[in-house]
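Next, two complexes with chain A in common: one pairs it with chain B, the other with chain C.
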Partner chain A sequence: MKLLIQKPVIFISLSAMLLAIIAIYMLTIGTASIPVHTVLSIILEKLLGIHNQDIPTTQQTIVWNFRGQRIALAMIVGSGLAVSGTCFQTMFKNPLADPFILGVSSGAALGASIAIVTGRTDCMIVLAFTGAILSLAMVYFLGQQSMHNSSDQQLLLAGIACGAMLNAMLSALMALNSQQMQMIVFWLMGSLTNYVDTLMPVFVIVSIGVMVVMLFARDLDVMALGDEDARFLGVDVDKVKPLLLIVTSLMTGACVSVSGIIGFIGLIVPHIVRKIVGTTHLVILPLSAIFGAIFLLLADGLTRMVPLMSGIPVGVVTALFGSPFFLYILYATGRRLR
Partner chain B sequence: MFFTIPHKGIEQSNIDINKDSIGREKPQRIVSLSPGNTEILFALSAGDRVVGVASYSDYPEDAKNKPSIGGYHAPDVEKILSLAPDLVIAMGEVQVKYIQSLKRAGIVVVSVEPKNMQEILDAIDIISAAIGEQERGVALRSELEHKLSEVRRVTANSTSKRVFLEVWDSPLLTVGNKSFINDIINQAGGINVAAERNVDYTPCDIETLYSYDPDAYVVISHSRNASRAFINKADFADMAAVKNQQIAAINDDLLTRPGPRSFTGLVKLAEILHPEAIKDGEIK
Partner chain C sequence: MDILQIQSLTVGYGAKAVLENISLTAKEGEFISVVAPNGTGKTTLLKTIAGVLLPINGSIHLNGKNLSSYSRRELARQIAVVGADILAPGYDALQMVLMGRFPHSSRFSGPSANDHAIVEAAMEDVDIWHKRRCQYSELSQGERQKVIIARALAQQPQLLLLDEPTAHLDIANQFAILQLIKQAALQTEMAVIAVIHDINLALEFSTKLLFVKNSQVLAYGNPEKVATTANLKELYGMDFTLYHDAAATYVRPNLKKEDE
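Here is the complex of A and B:
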């Protein structure tokens, strides 16, 4: 284990393999009972063009289109949120920071709710994304006015205040449109089950986002020491920070707009990864992406494997199982330190 | 004098109502705390005596002109009192604390919350007795019972269709067996594919919908365009409902709002499910 952690490339490759295995396993799970070998044949045929048995189109549709889309969504959203979380925690030097801390989720929720109460669910993703971006723009405009040492706190406060305001508007909207309250509530709890036809744009935004953040991995290492130190060491903090903020928020906004609010991944995955492999962002960032994807895949898998949980949105599951797991990690580390 | 009928004990409380109502003046200022109750009051020709209604009371047209007392989940008690009602027709559980406040203020409250078709008929009995329109109540009840028995008669020889009812498209929601709509589906000669779920509204994922493979797909339209995109995507081409073009929309008020129009919804649903058995407009 120690050797693995000292050789991050091996560790990252093994994690990626684990992710691939879990993803394939998840393709075999669902309400329709399709034998494992059929699922594997479908995967081989779709990916590599190897045709070895005739499979009914209904099974192909279920495995490749429905399950495939759901799993792709889980991986994209999971890694997007985890990478954003890592980035936010480092930039704000705050262990409590998560991708939603700048009010992005509240903006997205308001946008989606407007789509629901006006009956324009066809524009829901666009409205949610617009809401996320507008709230970010507002927070950033109001929060970054004083670019001195305390600007981080300023930004966080602006994010929290803005989030509170947007949440209040959301509550008002729900109270005034009680008929649509249930739909909004289910959206807010987060779900990967929607039929999404904008998977590609979200994938593009998240992968470009992850790549951009990776390019600044070394800068993030330095920024973790403090903005002053980073400036001293030659990082153009005033340029890098806004850029990363925008990139990560775009990622978060894209994820939230298709999945609703899935909490906790952006908060705990970065912490767990740091506990395993230390503080080098070139290692933490890809691992966060991989573990974020694994975590959301498993949480979503639970809702499909355990009949009792089939009606529970995945956003609830992540918190339900994420919190105790995280508490255990905190407890275990605390004991070791003592 | 006041009385409250919890919706579960409708049968027994019914007797008290009739006793209490005898020798009592017809209430002249009635407030309705739900859109469904408003519709029942208007159907009993008591519309002109209604002085306040819950928001969303949009049927019949005249109901829109009545003063609003707020949403059914949070009626404005002060506003209700200011209307000086001599009778308030409330819902059950969800309004318990408001009913208590009203009763403390000395207002007569009758509460009904029908959970299935039969209970709508019972609610009509209760309300008609409370407002002194027993005769009209009997007529309305038999008119609605006629619709119900007609639907049963014409669908009796048809095989039950398996129905998926789309409450909302994104997130995809359907109805479990606790929903009022579940009963309408059963009465209309259908089987709710999600009936094994012991809930009201419930989320449903695409794969589950696909493996239900319903014979008919009914959308609650929410006053929107009926032909919404998602079920028409190529991925669903193999579903029985799509192949047989059994996709239809029904106005939400006809299904989600327990009242006289639920029986119109019932007839509509029966027509959708059993087009071979019911000729156009056969059941009036």
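Here is the complex of A and C:
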């Protein structure tokens, strides 16, 4: 284990392989059981055009269109949220910061709810994303001063205040439209089963976002020391920080708009990764992406494999299993430190 | 050659000036100590020279170019700052000092073998290499101060700004570290500006002194010219006696006798 931690490339590669194995396994399970070799054949054929066995169209549709989309969505959303969380925690030097701390989720929820109550569910993703972006713009505008006087507290407070206001508007909307309340609540709990035409926009936003954040991995190492020290060491905090905030918030907004609010991933995955591999962002960021994807795949897998949990939204599962696991990690680390 | 030229500088936060009309020049190998009572804006002055705060008035030139024409990265290659104690959860001492190489290394490749060699030398110099694997946050305050000084030396700056660099060090380490910095300044042709509370340390190591009182420069120049009993009385509001011997000049406040 120690060797793996000292050789991060090996650790990252092994984790990526683990992710691939879990993803392939998840493609095999469901109401119709499809063997691994069939799944692999379908993947090879769809991705590389290699045709090596005749597979019924129904199986192809189940694996590639239904399960494939859900699994891809889980991986994209899990990665996006975990990387955003890592970035937020470092930039704000706050272990409680998560991707939703600047009110993105509330804006997206309000947008989605407006789509639901006006009966325009086809516009739900667009409205959720618009809500996320508008709430962000408001938080940045109101907390703007903090960018210059190096106090992040103002930005966080603006985020919390805007979030509270948007949540109140959301509650009012739900109270006035009680017949659609169930649908809104279900969306709020986070789900990977929302109908999405194409994953391309969220995939592109999250991929570009992760790449941009990776470009600033070394800057993040230095920014963990605080804005002032980072400036002394050559990081242009006044440019890098707003850029990363906007990029990560766009990622979060894109994720929330397709999956609802899946909590806890952005909070606990970065913590777990940090506890395993330390503080170098060049290692933490890719591992957060991989473990975020694994975590959400497993949580989603539980809702598909365990009959009792089949009706529970994945956002509930992430919190249900994520928090005790996180508490255990905290407990185990505390014991080791003693 | 002048590394730093400051003319008629007023520093402060926003429009509120805390220190006015400062002019000084720092040449290669010079060690300038800023001596002033608490709360006179010394740290604000250092931050302004480091380019972190904007001057309210006046100009700062680094190697003949206006400070504002440098990017943050370029500045960090030429100016290193040893500031207040910071928290750095999760980093060990070696990682902290390696960050001094951040402005010199590429964004993608990370620290090179040469960077590691420079860091090791800097840590050896301040006698903290043996603690390189220790968590920075678990070191004593004095050890942390040494780590930050090593980091500043690893930055290989032309101008080193020190904000009470010896505040948490014992007397042996105070002298050892300041001597090391002074030697480094002479060897690498670096200029040093240090905020120092201990007037005797300032007298021991400085080539120039800057006395500041009530937001104004009280005296600036060679230590013999500046550290006079009259200036010291003006600065601290009490009488001092100056002692000279073959090795050094030092001062002592004239305390009232108990029976008086």
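Basically, the second predicted complex is superposed on the first by the 330 of 338 C-alpha atoms of A that agree within 3 Å, B and C clash if a C-alpha of one lies under 4 Å from a C-alpha of the other, contacts with A are read in each partner's own complex, and residues count from 1 in each chain.
Here is the rule we go by: contacts are C-beta pairs under 8 Å (C-beta built on N, C-alpha and C of every residue); 3 or more make two chains touch, one makes a residue touch a chain.
What you are looking at is a predicted structure, and each value in this text was computed from that prediction instead of being measured.
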TODO: Applying the touch criterion given at the start, work out whether A:D122 contacts chain B, chain C, both or neither, answering first, second, both or neither.
DONE: first
- [ ] Check whether A:A175 is in contact with chain B, with chain C, with both or with neither, and answer first, second, both or neither.
- [x] first
Open item on the list: Per the contact definition in the header, classify A:L233: touching chain B only (first), chain C only (second), both, or neither.
Closed with: second
TODO: State whether A:F186 touches chain B only (first), chain C only (second), both chains, or neither.
DONE: first
TODO: Check the residue A:I62 against both partner chains and state whether it touches chain B (first), chain C (second), both, or neither.
DONE: first
TODO: Determine, for the superposed model, which of the two partners chain B and chain C contacts more residues of chain A.
DONE: B
Open item on the list: Quick check on the superposed pair: does A:G311 touch chain B, chain C, both, or neither? Answer first, second, both or neither.
Closed with: first
TODO: Classify the contacts of A:Y25 with the two partner chains as first (chain B alone), second (chain C alone), both, or neither.
DONE: neither
- [ ] Check whether A:T279 is in contact with chain B, with chain C, with both or with neither, and answer first, second, both or neither.
- [x] second
- [ ] Go through the superposed model and pick first if A:L225 touches only chain B, second if only chain C, both, or neither.
- [x] second
- [ ] Take the contacts of chain A with chain B and those with chain C, and give the residues found in both.
- [x] none
Task: Complex contacts: residues of chain A adjacent to chain B - done: 30-32, 57-58, 61-62, 65-67, 70, 116, 119, 121-122, 124, 175-176, 178-179, 182-183, 186-187, 191, 193-195, 197, 260, 304, 310-311, 313
Open item on the list: Under the definition above, what is the set of chain A residues touching chain C in their complex?
Closed with: 215, 218-219, 221-222, 224-226, 228-229, 231-237, 274, 278-280, 282
Open item on the list: Looking at the complex, which residues from chain C come into contact with chain A?
Closed with: 47, 50-52, 71-73, 75-77, 79-81, 83, 86-91, 95, 99-100, 102-103, 107, 110, 155
- [ ] State the interface residues of chain B toward chain A in the complex, per the touch definition above.
- [x] 56, 71-74, 167-173, 197, 199, 201-208, 210-211, 222-224, 228-230, 233, 235, 238
